[in-house]
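Take a look at the structures listed below.
Shared chain: chain A. Partners: chain B in the first complex, chain C in the second.
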Partner chain A sequence: MKTYTRPMAGWWKRNPYYLWYMLREASCLFLTAYALMLLWGLYRLQQGKIQYEQWRESLASPLSLAFHAIALALVLYHSWTWFKIMPKTLPRIPLPDWLVVTGGVSAVIVCSALVLVLT
Partner chain B sequence: MKRSNKPIFWSLFGAGGMLSALIGPALIYKTGFSSQSLGYERVLLLAQNGLGKLAILAVISLFLFHGCHRMYHSLHDFGIHVGPGLKAAFHGFAAAGTLAAAVLLILV
Partner chain C sequence: MNTITIECLRYHPESDAEPRFQSWPVPFTDDMSVLQGLQYIKDHLDGSLTFRWSCRMAICGSCGFVLNGVPKLGCETFLRDYYPGTLRVEPLSHFPIVRDLAIDQSDFLKKLESVKPYLINPDVPKKGTFIQTPGQMDEYYQYSKCINCLLCYAACPQYGLNSAFTGPAALALLHRYNADSRDAGKAERMPVVNAEDGVWGCTLVGYCSEVCPKGVDPARAVNQNKIESTKDYFFRFFRK
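What follows is the complex of A and B.
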């Protein structure tokens, strides 16, 4: 017997809320590609100075800049949503929702500052 | 009852989500738009330091596990119902990347 299955093609285009969801999910493609790019850099580092500097030069290519710009925007959005839903994903804790979100965003600011200063 | 492996992969997904939420944007900004300070000697020093090795491994591995886990679930969102084989492929890919990073960090 063949049962009816509701078609689901393009469901995420029907509502702006779903579109934002899909955009957030798209960050995973760029995050994976970014991790692979770092892994490649580590491989070049292990090979020696010339190879590593070639990799570092490739970071300034237009393709790399475009990739980084999109990745930055998407991962920043992931960052925001990660802490925005934190009151729902955490086990129940006796803190108001806004405090959890504010704490998370503050942690992002502090950690980002640390990365930018230390590296 | 057979024990589910879900908690393991969910933990790796969660850890990667947290790490990338905290330092992902800053790292991407650094490598993309401000890599002057990432000279060979400086980065080599980091990669040869025990804590530095751990940090590099955590970033590469957890970003991969987070990304691959989410990709796998996104396929479901598009109506592609993936079986255990494809799921193993996604997690296996992240595991292979982790192994490669670990080997390189030992060699460097």
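What follows is the complex of A and C.
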């Protein structure tokens, strides 16, 4: 039987749902870059105070600020998707989905606020 | 009576090298479904248009199409919701097209067979029927509502990229039986779950659960079985 299977090229552009999914997956690239930058800061810190201050000054550049703004937006989006799908990935528990999602998001807000207050 | 333009993907294997689109103006009333729109085309405008349908009430799962990019059942979607725009009707994505809007679902049927979608239990009660509590029934009930319409496969890019992936509906039905207290066939189904193209082929796009017309959550079934697969992997060291 002769059939035709349509190609998959550009599949992620065909539906907004796929675009959001790709953004979720791609956010890991920015998060990795951010983690590496923090590690670099640690490395500069063990080199000495002057080197550490130089690293801090480099973070104040417009390019660095733009990167941080994008990374923050992506980490917030990634966190939201993480908690949104959490009920599907957890073993069955006697709690409604909305409680798992709001519980997770609330925990993030509380922990972030604590970090901000304590530092 | 208003008129809507319906644009269908056409593919006639005897004459077409690849699919093409064809449009028709279709008069419709507010209560007409997309399926009725296609039937109007077949009855009055072009008798060669090919599509599947049967029950007209979202039970048989035959009339799945991709409507303006979204997998839906033609029988429970109304033309009025697309008016005054154009309605583009395509066959379910990721499957080989046999003719026009009809796809070849034999790959899914093989996968469905592989998950043994029936109760496996040699210990049938000698008297009466199996006893099951509402809580036990709740473990699998939503998955038993699957009508094999394949909208979830059309929504799953992982299946489109790798057709060896067992896919959402087959894995949801696998879970439907594994989660049933009357069933004892889990060990026979675990090789399908554990396989590279079993649950681990899923990257949790999650669109399968969004498009399901029966409220089944295949993404949940697949991801619950990632836990089962992990347990199965480690617990094998404690088994004989």
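As a working rule, the second predicted complex is superposed on the first by the 113 of 119 C-alpha atoms of A that agree within 3 Å, B and C clash if a C-alpha of one lies under 4 Å from a C-alpha of the other, contacts with A are read in each partner's own complex, and residues count from 1 in each chain.
Just so we're on the same page, a contact is a pair of C-beta atoms (placed from the backbone, for glycine too) under 8 Å apart; a residue touches a chain by one contact, two chains touch by 3 or more.
Quantities reported herein were computed from a predicted structural model and do not represent experimental measurements.
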Going by the contact rule stated at the top, is it chain B or chain C that touches a larger number of residues on chain A?
B
Just to be sure I read the superposition right, which of the two partners does A:Met8 touch: chain B = first, chain C = second, or both, or neither?
both
Taking the superposition as given, does A:Leu45 touch the first partner, chain B, the second, chain C, both, or neither?
first
Partner chain in contact with A:Tyr17 - chain B first, chain C second, else both or neither:
second
Which chain A residues contact chain B in one complex and chain C in the other?
8, 12, 25
Chain A contact footprint on chain B (complex, rising order):
17-18, 20-35, 37-40, 43-44, 47, 56, 59-60, 63-64, 66-71, 73-74, 77-79, 97, 100-101, 104-105, 107-108
So in the complex, which bits of chain A are touching chain B?
8-9, 12, 22, 25, 28-29, 31-32, 34-39, 41-43, 45-46, 49, 52-53, 56, 59-60, 64-65, 67-69, 71-72, 75-76, 78-79, 82-83, 104, 107-108, 111-113, 115-116, 119
Note which residues of chain A are touching chain C in the complex, please.
1-6, 8, 11-12, 14-15, 17-18, 21, 25, 85, 87-89, 91-92
Help me check something: in the complex, which residues belonging to chain C touch chain A?
11, 13-14, 16, 18-19, 69-70, 93-98, 104, 139, 157, 160-161, 203-207, 209-210, 217, 219-220, 223-224, 226-227
